[in-house]
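Read from first to last, the chains carry the letters A, B, C and D; within each, the first residue is number 1.
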Amino acid sequence: MTEIVALDALVSRIASGQTLAVPVDRSGVAMAATAEIIRAGIDNLHLVCVPISGLQGDLLIGAGAVATLETSAISLGEAGAAPRFGAAIKAGSFRMRDATCPAIHAGLIAAQHGVPFMPIAGIIGSDLLAVRPDWKVIDSPVGDGGKVVVVPAIKPDVALFHAPEADRDGNIRIGRFRELATMAYAAKRTLVTVERIVDRNLLATEDSAAGVLPALYVDAIAVAERGAWPLALWDEYPADEAEIARYAAMARSEEGFRAYLSTFLSHRKQVA
Amino acid sequence: MSSDRERRETLIATIADLLDGVRHVAVGASSPIPAAGAMLLRAREMRDGKPPVRISILGSQKHNFFTNGGIELFDCAAQGRVDAFFLGGGQIDGHGNINLVGTGDYPRTDVRWPGSFGSAYLYHLIPRVILFREEHSPRVFVPKVDFISAKATTPEVARRGGPYALLTNMALFDFDRDAGRFSLRSVHAPFTPADIRENTGFAYEEPDVIAETPRPDAATLALLRGQILDELAETYPGFARSMKQAA
Amino acid sequence: MTEIVALDALVSRIASGQTLAVPVDRSGVAMAATAEIIRAGIDNLHLVCVPISGLQGDLLIGAGAVATLETSAISLGEAGAAPRFGAAIKAGSFRMRDATCPAIHAGLIAAQHGVPFMPIAGIIGSDLLAVRPDWKVIDSPVGDGGKVVVVPAIKPDVALFHAPEADRDGNIRIGRFRELATMAYAAKRTLVTVERIVDRNLLATEDSAAGVLPALYVDAIAVAERGAWPLALWDEYPADEAEIARYAAMARSEEGFRAYLSTFLSHRKQVA
Amino acid sequence: MSSDRERRETLIATIADLLDGVRHVAVGASSPIPAAGAMLLRAREMRDGKPPVRISILGSQKHNFFTNGGIELFDCAAQGRVDAFFLGGGQIDGHGNINLVGTGDYPRTDVRWPGSFGSAYLYHLIPRVILFREEHSPRVFVPKVDFISAKATTPEVARRGGPYALLTNMALFDFDRDAGRFSLRSVHAPFTPADIRENTGFAYEEPDVIAETPRPDAATLALLRGQILDELAETYPGFARSMKQAA
């Protein structure tokens, strides 16, 4: 049964040391919840970026919340490199698990189907295979027996994202961003922040239902208005490019990052 | 300023030529020049009554006709439904291998770049991967990349994808998949083959006669400066504006 | 580029001997196109039912159009057993490839992802493994190395289904029936009949787009009003249970089936 | 007629009891008695203030809260999100194996049934699979099935799913997964343990004292004859009507 709770109660369901899956910037990133994670001091996370991350990942890394980072990239996009990611790599302050986008999708899809691994095209020849000993190259058991890469299932403890709306039953509107559904299928628990709760049933028509993650997969929902800010939320608001650029500039130094973070947490607190 | 505009126009027109014949080209986010090249191709094909060209711009809601989430581009490529794509690289070596991870010893690299994105996968699957890197310098074009994000050729496995050409601010190279190396095709004015040699850290084939990369013709320029900049403005307003201002 | 053509032109794109994938009754079965296949004398088909079939499969079998049948079941549902299927099994008149529903989905998903096979949970101990030598049991290359079944990719030459509407660009509304998309991803060609062509762009909003198969995967569309009759089309019309019961009764004998087929073909001809 | 109604009521109430504690039960298409049992459980849990019970009815648009097409039930089961399901069988043997394919030699079987559907998969994955087959006869309950669509126990692989009970028109059996055999739990009046022995083609455990399958109590009957038949009428109008007419 999906519970509708306050933001801090939602975030309290994430424990230090857990594997946390989060989506790419454009799909709906739970930034308000990210502020709450940092405020609550949750750390030692294994962060799985589906399949890459930006501001969210860099903030969590800068705040020291990440013990393992599994991603295909961390970048602030137009605003340039992710400064705390770069600094933490240099300092060796977390375990890096470099990936390639479709391999992260494939790992989640393996969990979705309840199988231990998924085969995946390409990759052979990449040094990623050297740094990811959990990825194997096997002879295909069917067909011509050619080499094929297999990646293990990714089963996050928690999937966390932000969406425009949920209905009272706990169904979430995800539109075409089906990787959000894949994350939820794969995860043990799914926590979602939304702009609003709507009274209509999102499963009522085939059209609206097609873009819905059913409540079955959703453990808890919290309302967080402008909950993706300063990132964009599709169909709702664009990214606050100036704010992201401000972050990119300030986070170049540890002190600048601390100053940014302090303002960011109190800003998010005010909105909440 | 006008020369920077001309440089960009040449790159865009060259990309459109490299894409000749493709039906579906995918463009990464924040890649205005490749996107402009694809749009130029599409406009030209439409003008000439040829079959339509599809352009997918990753991360764009407007130029997104996918409905199955982030994996669909990758699936689509694996199904053989994507003909061309662009990749860059912090380092690109003479064998066509690209490095999007960093320099020095992994994981505590001296310089760390964002990461491999989908390169390790797409390089195997998309027939015409155009390597596009504006900076043409020995620190980018190295004999051997420090980390292979994506390998250009893998004789040990069948693949349909791989590098097709390398386009920089200074020159255009073809890639020979059997030989696993680049061959200089043309040099953008005012550069000379000697400039290319000086700024390329890897060995490549150099024919006896090296052409100058052609400037776009008048019809192409008209299309580019009009319709294409208008189309581009929807997705890359800043880039389109700077191109218009340079006029 | 998706072409909009007449029904007979659509069906002329299917050749004898090809592998044809068709959906389960409730998802949108192209019955008008099925009549046209039989009328055109297309035969020797390898029919892949996704994941089961009913009236459509039984009609094609009865008409002698099927050389290989790959399915998890053939049943007329409430109307009982599929009579021509039963008779043809007894006569040994086609090659039977018994499956289990998720294995057919898995085979198509392998083709969707461009990999030679997919692992799948369960199945071990079933005699299906004995009659499907193309399914293998391997030791998982990751995790505890337990036994896991793998099934080869299913790459149909043609996917064929019926849907409520297409737009002028060739996008198809499929609602929540995402197996239709999977079929299209996996198939070399996809042919779709629709109730109507609409002027609005089905990709215009996130809500409508979520339930759309993009034109990229659709080779040709034909309008066929009541094109699923006598089967149901979701959101449009229910199954004509009386007609299906009439079929079930008549098709018990070869002569009765011939009589039914003749009426069915001429009825469908009138509608078209 | 009334006895047929009582028979069905006993089956429905027995199913509700067998489902006690489940949070999500899936029901196949055209399975009105299992669906009614699940609805009875749901109504009873709601009445008693317990956590809600989810019911998925395959092929129903109304009782379908899936949005990912035909595979979602199977994925959902593989993820451990389906607690109970129902399977039947043209043949069921004493080891709990079921045959949905046919009798005699495959593939040209003497009698051919529709096929294995999802049984080979779901039997491994759903913890509480209730075998439900109304006909209780030696031709159904055989020592060894002619074709194993789905195997009940597979010591060679880890699994969470398998048979939990077998319910027929005459009796209720428990299944012991370690022993791999059924044990008679109760007999529906007016049948006797001797009737069961006579009509069961496989060997099973028979305790010294065999209970009579309880009739539903008054509160349960009220719920069943009222609310449940109303709910059922949305999906199984014919079945609900025949139950009401029998009243």
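Structural remarks
One rule holds for everything that comes next: a contact is a pair of C-beta atoms (placed from the backbone, for glycine too) under 8 Å apart; a residue touches a chain by one contact, two chains touch by 3 or more.
If you're wondering where the values come from, they're calculated on a predicted model, not measured in any experiment.
Touch-path distance (fewest steps) from chain A to chain C is 1.
Here the spacing of chain B and chain D, counted between their Cα centres, is 60 Å. Put simply, the C-alpha centre of chain C and that of chain D have 29 angstrom between them. Taking each chain's centre as the average of its CA atoms, chain A and chain D sit 40 Å apart.
Counting partner chains per residue, chain B has residues 66-68, 74, 78, 125 touching two or more of them. Within chain A, contacts with two or more other chains are made by residues 113-115, 120-121, 146, 176, 181, 209-212, 234.
Screening every pair of chains for touch gives A-B, A-C, A-D, B-C, C-D. Chain contact summary for the complex, chain A toward chain C: residues 106, 110, 113-121, 134, 136, 138, 140-144, 146, 148, 150-153, 173-176, 206-212, 234-235.
By the touch rule above, chain C contacts chain B in their complex via residues 1, 111-115, 171, 181, 185, 203, 209-217. Interface of chain C with chain D (complex): residues 24, 26-27, 50-52, 71-75, 77-78, 81-82, 85-86, 89-90, 92, 96, 98-103, 105, 109, 120-128, 131, 146-147, 176-182, 234. By the touch criterion given at the top, residues 24, 51-52, 54, 65-68, 74-81, 125 of chain B touch chain C in their complex. Here chain D touches chain C in the complex through residues 29-30, 59, 61, 64, 66-71, 74, 78, 100-102, 106-109, 112-125, 147-151, 153-154, 156-159, 161, going by the rule given at the top.
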